[in-house]
Structure formats: structure tokens, C-alpha cells
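To keep things simple, chains are lettered A, B, C and D as they appear, and every chain counts its residues starting from 1.
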Amino acid sequence: MGAGMARNLLRAGERVAVYNRTREKAEALAAEGARVCPSAGQAALGCEAVFTMLADDQSVEEIVFGSDALISTLGRGSVHIACTTMSTALARRLATEHARRGQQFLSAPVFGRPDAAEAKRLLVVTAGNEGIVERCRPLLEAVSRQVFVAGKEPWQANAVKLCGNFMIASLIEAFGEANATLRKADVSPHLFLEVMNALMGSPIYANYGKMIADEAFSPAGFALTLGLKDIRLALAAADELAAPMPLASLLRDQFLSAIAAGQKDLDWSSMVRVAARRAGL
Amino acid sequence: MGAGMARNLLRAGERVAVYNRTREKAEALAAEGARVCPSAGQAALGCEAVFTMLADDQSVEEIVFGSDALISTLGRGSVHIACTTMSTALARRLATEHARRGQQFLSAPVFGRPDAAEAKRLLVVTAGNEGIVERCRPLLEAVSRQVFVAGKEPWQANAVKLCGNFMIASLIEAFGEANATLRKADVSPHLFLEVMNALMGSPIYANYGKMIADEAFSPAGFALTLGLKDIRLALAAADELAAPMPLASLLRDQFLSAIAAGQKDLDWSSMVRVAARRAGL
Amino acid sequence: MGAGMARNLLRAGERVAVYNRTREKAEALAAEGARVCPSAGQAALGCEAVFTMLADDQSVEEIVFGSDALISTLGRGSVHIACTTMSTALARRLATEHARRGQQFLSAPVFGRPDAAEAKRLLVVTAGNEGIVERCRPLLEAVSRQVFVAGKEPWQANAVKLCGNFMIASLIEAFGEANATLRKADVSPHLFLEVMNALMGSPIYANYGKMIADEAFSPAGFALTLGLKDIRLALAAADELAAPMPLASLLRDQFLSAIAAGQKDLDWSSMVRVAARRAGL
Amino acid sequence: MGAGMARNLLRAGERVAVYNRTREKAEALAAEGARVCPSAGQAALGCEAVFTMLADDQSVEEIVFGSDALISTLGRGSVHIACTTMSTALARRLATEHARRGQQFLSAPVFGRPDAAEAKRLLVVTAGNEGIVERCRPLLEAVSRQVFVAGKEPWQANAVKLCGNFMIASLIEAFGEANATLRKADVSPHLFLEVMNALMGSPIYANYGKMIADEAFSPAGFALTLGLKDIRLALAAADELAAPMPLASLLRDQFLSAIAAGQKDLDWSSMVRVAARRAGL
């Protein structure tokens, strides 16, 4: 993800310093004008804005607070733009810790996969201080097809991102249950997909529906363990707010059942196998 | 619904006899060339094919098996095309009863509302004997934008239709839970809708999402009681097939809770109020 | 069940006429003084009160409304006491139909198995006209260890019975989920059962807990299909009343999954295998 | 809780040093022979075994790892017996940290309330090294009516305790749903409770059933927030083990809904109000 975003920043004429744990990944960007750094802390040094795009809360904590850490080198007034799909709790902690140091912080999680990042087709949902959002807007627009502002508190953007992933997981589960019933009724999942495509007219339904009807779950576009992580984070956000999400609870249980059945490395759409197994298929 | 379909059959050059319990509704079609009949039985007399488009199982049973009934006047070899969203059990009963009388039977439920019926924008999902499906295809195409064949047993088409409505109800519930959480996070449902529209690119999400964000549930496009009915029928079909549908069970409980709160005449998308109330909103 | 109840009525000094589809079962009671009849209609003829104890709604409908039917021979003022665990809808229909003929009707479903019926250890929950309940109380007390009056409408007793079975099914599911987790934690289900016995002090927990810990599901004390039937009826009663029962919905889905896995003839406590399978056990 | 346990240790002839954040609570035990200490660290100094009985994970972490901490004063070979209902994750951390210091660790959560602690009526579920369990058995027996050994890993005892609380919460929810339906059927919750008491024969059902039928939720015997905490911990334990617990998920959502409705300080059995509200009561 980060590579595509960095490339689009370079294309937009920005000066970019890059860091990746796997140095070769960073080196690939050198040819396009990026300066490769030996650590996140070095990359943040002297920058107006630093993007982080990492796997999960733990990697963000390491990069930001760990040894050779970003938070200790980022200048006063500079902005940390966190694109990771992370917990609302971590977003709040980052907001507090950056503020203590006179630094700025925006959450800016994205919808889209690496190919969308390369093609500048990401959707960015950001939140934070209005002035800072406006100051960073050119950067966010440089890496995306559209920028949405969720609110003035960075964690609000994370809540939106987690709810968005919940919406997608919901449609996967709905497909799974419908297909389990229809397969037992001797109706082809491909026929049902055609009907759904005509009805919904959505590329998301078309793509997931095809993976599901074809049972093409490997290699994973988005691993089931990551899907489970995001639903856990959505539930955690809802829990803080005392908002029950029974469908999210159902999704969590289905993902756990998929993990128990050995599907952790398959695509998250393979969750549909849980409904199939429960129907004796 | 029936009026729009009849009109499109007339436009396609078919001779059409019509019956409606409310005679004025039928009379309106006389000007366009339809012959108005005093009963369903009269309308079916001498026809090659008779369409029924009714509210529920009970009305189908009355029209087909009741006094002055369709099944007693429909000729041998003629076809009953049942467009009602009905139970798979009734579809099987109709198949059996028509077969006993040497009549043909197709289930052909549709996706779309009255305005789509007028505009020939319906989707038809049919099932039944292949030869009969082909014989009736011109009629089905005359009333729709696309025809899907689910299988050789009429009830399979009803299973697909019920699962389709389940898919829509699922996205309503997903919106409801996401919005409950986001409203408690002080994020606007309209902002979330914009993100979903960019992500899903689906007119169905756009339409329901707007009703939900605007809380515009009256007048009902599709009444909550009808939504509950369809989810009950989907669960009944799944029960016959021993296919658990936990998300459908959740939807049923949410619809019941909405009924208990007095929402029966509101649009089915008002189900989202249940999630909101459970979050204390 | 019926045999034990008839025997206790004879012991109480009542004159008893008996009918069973399997004549030998009825003959066994002749030696104890019962008059064996060739049909339910014959058994009801001239009786002050007729008990029915049958498998399900359908068998009640056959015995009451079918050929050689009870309702046509039961005298004016005589009482039909229906002990079957049946739907609230059928109870209402029976109340209406008996009333039309000047007959009386009580629902009086029981808790307990055949051995409890023999031992006069049943619990009877009855409902209906107060005067009739009092008139029949000696009969109900003759077959049970305790009689409860749920209300003035017969179907209320059925609602209580269905909710009671729901309570038992709920504890089975709770055991199933706890044991799935604990087995994966390498904790013995027998150890957990000991703790639960000390905590709950309930023979019901002890009996079901032992079946579950021993995985002794065959022969069935109460078949899984009957358990599913009762949960369906509980949900139907709740649906009529617009009272969501999400735990009952969960139980229904678990039972369906058990049916899909071939467990229909096992004891209903074998539902716990569903939770185990979902955990990969 | 701790006071009753300390008193029973004193009665058993043990020498006891006590610490409580609220010093008066500890002073009350001085008259019975306890030595009052100014900190947990002081209390642990020179002891063979130290019991901790605290509110939650966070308080355990403070007492054990915080300033003036137990872990720094407990002698090599001495045992920490943790009675708090805490997460399995914290139990594992404690096992590791104590082992690193040559100290022993047992988890020993209890079932029962303060009055049961006073009356030596607690149930103790312990787990840990077998030799240590045997060494500590006299202490555990001194404070309880029965001791259960769940396994060799301390966290297994916590898993059992969490599952036990899950069993109780499950019966509360079952009562809630049954009563919602029965109240709408005009059946008294007290009548249903009588039937359940006759059927279940359990003091736990009797006590909770009475609170529920009487709607006597304040003062709380066990606050709803603590119930939610325990269900969260049960779900976390199940999540680690990839064991879905859909009924626990349902309970969590019901507790959250109760919190959203302002019930946090009521007894956890007030969760039944959620089912009532969903039924429009």
C-alpha cells in the first residue's frame, strides 16, 4: 500500500523520504526520486508530514513509540497522518501523545487495495483539527480519488473505516447464508450472483460475489485474520460507545469459526464456508 | 404492480384480460385495450397464460383455490405464472395441484416496485419446466428488463427471490448498526452514506442509505410488515432445507422489535431505529 | 406418556376409557381396569373429560377433527384436556371449535418424561375457564405432583410450556458453548459439570450436564427433532405477540445445524456438538 | 469478599497480615488477630502465601506490578493465590512474571458473594502446579465449602470461572426473553417462576428468578458493569482459543444495551429489561 501512495506523492511533485522494514521495498522507490531512510525516525526528521501505513495497532505502536521512533524526531507543528486501520483507542492515544509534543495528528485510513493505491483510486477518510485537515488536503488528494472528513477528532475517521469494513463483511455473510440455502435448493450460486449483480449494480458485490461463487479464496486479497481483526476493532469501538452491533457480533463468531477450521490465510470472503458447513454442505 | 405489467403486455401486442378486486384499478386498463373481467376465474378462462401478482400466500390461495377460482377455469396445457413473493411451500402445492389438472405452472417473482413495473425495469426470476419457461419467455421479457431461470422446480425461483430480499434487509441492518455507532461517535450518517456510495457504487445502497440518513420512512415504499413476512418466508425455506441463516434470524428479531414499537406501516428500512434505540439514541 | 397418566387416573379411582393408535399399548391398561376403545371418538363418547396426549399439532388435529373424531362425540359440557405440547394457535382454534359445540376446553401441557408420568411426578400447567379448571383439578392432581394455572385462556398454558422448554434448551446451549471453550482450554467437561452442580444445585443441570459431558446422546430421552419443533413453536408464539427472542432464534439455528449434521434422532442435548464443531473440535 | 476470607483463615488458625486500600476495612480484622499492613507489598513480605481479591485486571496489575508492589516483596518459593475474576491473559502474565522471580502462582477465583465468603460457603476453582495446589489446599479449604482443580495452568481456573458466570448470565437472558413473551401473553412472571422452581429445583434460578419477577434490581448484588466485564473476558478467552460463543455474544450486546439505557449500577439481572423493551413493554 505504502509504495503506491509514495509514488503518487512523488508524481504530485512532493519530496518524499521513505522507510520500510524490508529495505528492498523502499529501494524500489529510490529510482522514482524518493530518499530511502534507515528508520521511521530518520524518515520523519525534518518532514512537514509523515504518513504511516502499517498492518495493525502493534506495528503502529512500535514505529511511533518504539526505539528509533517517529514521535521523537517529528518536528513541532509537523503532522503525523496515520493511514492504518487501527483501533479508535490507539487513535486517541496518538492524538494525546502528539499534542503533548506540539505535533499534529490526523487519522486517515483508506479503502482500497495495493492496486488501487497505485492507481490513485483509494478513498481516504480523515478526521482531526480542521486547519490541519485543510493543510494536508493536497497530500491526501494526491494519493486518492476522494477525501472524506469525518470530524474533528482523529478517532472518528477510524470509526468510519471500521464501520465500512463491517459493511463489506456483512455482505459476505449475507452471500454465505443465501448461498448455503440456495445450494441446498439446487440453485447455482452463479445464477444468484447474476441476479444480485442486476439488482445491486455494485462492483463490490460483483467482485466478492464472484470470489464466493467460484470459491476462489486463495491467494487472499485480504486475509481472514485481518478481517477478524477489523471486526474486533469495530466491536471495541461500539463497546466504548455502548452501541450494540449484533450483526458485528455474528460476524466475529463466524470469523472465529473459520479460524478454527484452518482458514486464517484464505481471503476473508471464505467466511461463507462457515454457513455452508453449518448447513451440512 | 399488476397494472404496469399488464400495460407492458399490451404494448407488446398481447391480448390481455384483467381482474382486480378493486374494479376501478382494472377499468383503468380498459382504455389501453384490456378486457376487464369480474373474477380471476373469468380472466383465466380460455387464456394461454395467466399472471397472478398478489400480496401474499393467503391472497394467492383465495384467488387460485377459492370460490370462482382460477384453477377451475384455466385450460389444460395453459400456464399459471405466479409473480407473488410467496412461500416455497405454496409454490410446491401450486405445482402439484396444477399438474393434477394437466395445467402448467411457473413461479416468476420479480424485483422492483410499481414504478419499475411501469417502466419495464423489473427483474424476473422464474423456474419450472424448461419447455414451459421457453414458451413463456416472450411474456416474461415483455414485462421486465431481464429474465433469470433458477431451475426446473417452480419453488426454486421463490427461494431466490426470498434470498434476494434477505440480501437487501441485511444491508439495511448493517446501515442501522453502523449508524448507531457512528451517531454516538458524533459522525454524521450523511457523511457515512457518501463514503458508502463511493465504496459500493450501488443504487440500492444509495436509495436505502438516503432514506436511512434522512430518516424518511413514511410513506412506505415497502412496508415493514411485508419485510417481516418475507424474512419469515426466507427462514421457512431455509428451515425446510436445514440451512441455518443466523443473520436472517437476527433480521426477524429486529423486525419484530420494530413492530412492537409501532413501526408496522413505516418503510422496512425503518428497522434501523431498533439498532438506534438499543444504543440509547 | 399417556399410559402412565391413565394408570394414575385408575389408581385415583376414576373410570377410564383408553385409545391408542397402537392397540397393544391400550390393551396393556385393560388389566388395570381401563376400557379399551377402537377410536378416540369412541373413547370420548359419554365421558366427562377426555385427555389427549399426542406428538404434535398434526396428530392433535387428526384425533380431534379427523375421521371418527373426538370433537363430534364429546358431549355438551364435557371437557377436552389437551396435554400435548402444541402451538398457541392450535390451542386457540380448539378453544373456539369446542366452544361452538358447547364443549369445554383446557390446555394442560406437562413437564416430565414417561417415567415421571408413571411415578406421578409430572408438572401440569393448565389454563382455561376458572370454573372448569377447578372442576378438573382432581383429575390433573391425580396425574401430577403439582398443578399450575397460567390464566383463563387455554393457549396461555401452552405459552408457558413452550417457554419452559426454551429455558431447558438455553441451558443446553450454554453448556455447549462453555464446554467448547473449556475443551480447547484442556479443561475436562466433567470438572466443569462438578462445578456447575455445586453452583446450580439443580437436577436438570445434573442430568443434562452428565449426558453432555459423557456425550451419551443415544437413545434419545427427547429427540432433537422434537426439541426443534418446540423452539419453532416458542418462536411462533413470540412472533404473534411481537416479542423478539434472540436466544430462541439462536437455538433454532443450532438445532437446524444439528439436523443438517444428521443428529435428528439423537437426544436434543446433542445440540452441543454444533458449538464443538464450530470451534473445530 | 476479602474480609470474609481473611476471617476464615484466622478461624483456621493461620497467621494473617491484611491490606486494603480503605484502611478501616483492614482495621476491622485487627480485633480478630490480623496484622494490618500499609501496603500490599508489606503484607506479602515474609508470607508463605498471599491472597489477592480485587475488582478487575487493572487493580490486580496495580497491586502486583505497581509501586510498593507485591511481586517485589514476595519471597522465592512463596505463592501468590489470585482470587480475582480476571482475564486468562493476565493469569498467564502473572504465571510468567512470578516464575521469573522463583515465586509460585495459583489462580483461584471463587463463586459466591460477600455473605457466602463470611459463611465459608464459597466455591473455589483453582489451577496451577499440582504440588503447589496440594500445598495450598488447606488454605483454600479454609475459605470455602469446596475446592475444584481445573488443571495445571493457572489461567484454566479463570476460564472455568468466566464460563460459570456465563452460565448464570445465560439463565438471566433466558428468563428475560421468556418473561417478555409471557408478559405480552398476560401470564404473570411469578407464575412462570413457580413453574421454573418446580422444574429446575435450583437456588440460583430461585434467587435470580425472584429478583427478575419482582423487578428488584437495586441495590445491586452484582453490578451490571461487572457482569459486562466478565462476559467480555469470557469472549476474550474464547477468542484466544478460536471457540465461537454466540450466546455470549448475545449477552454482551444485551449488557451494552442495558448500559446505554442507564442501568450500569443496577444488578446484572436487570439485563432482562432489554428483552422487555424490545418487546415494547
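Here is the rule we use: a contact is a pair of C-beta atoms (placed from the backbone, for glycine too) under 8 Å apart; a residue touches a chain by one contact, two chains touch by 3 or more.
The structure displayed is predicted, hence computed values, not measured ones.
Asker: Spell out the chains that contact chain A while also contacting chain D.
Answerer: Expected: B, C.
Asker: Report which of C-D and B-D is connected by more C-beta pairs in contact.
Answerer: Spelling it out, more C-beta pairs touch across C-D than across the other pair.
Asker: Report, in whole Å, the distance between the mean C-alpha point of chain B and the mean C-alpha point of chain D.
Answerer: Those two chain centres are 52 Å apart.
Asker: Once you find the CA centre of chain C and the CA centre of chain D, what distance in Å lies between them?
Answerer: 37
Asker: Give the residues of chain D that touch two or more other chains, as numbers and ranges in rising order.
Answerer: 238, 242-246, 250, 253, 257, 260, 278-280 - these are the residues of chain D that touch more than one other chain.
Asker: Spell out the residues on chain D that touch chain A in their complex, using ranges where they run on.
Answerer: 232, 238-239, 242-246, 249-250, 252-254, 256-257, 259-260
Asker: In the complex formed with chain C, which residues of chain D make contact?
Answerer: Of all residues in chain D, those touching chain C are 88, 111, 123, 125, 145-146, 148-151, 153, 155-156, 159-160, 163-164, 166-168, 170-171, 173-175, 177-178, 180-182, 184-187, 191-192, 194-196, 198-205, 234, 237-238, 241-248, 250, 275, 278-280.
Asker: Which residues of chain A touch chain C in their complex?
Answerer: 246, 253, 257, 260-262, 274, 277-280
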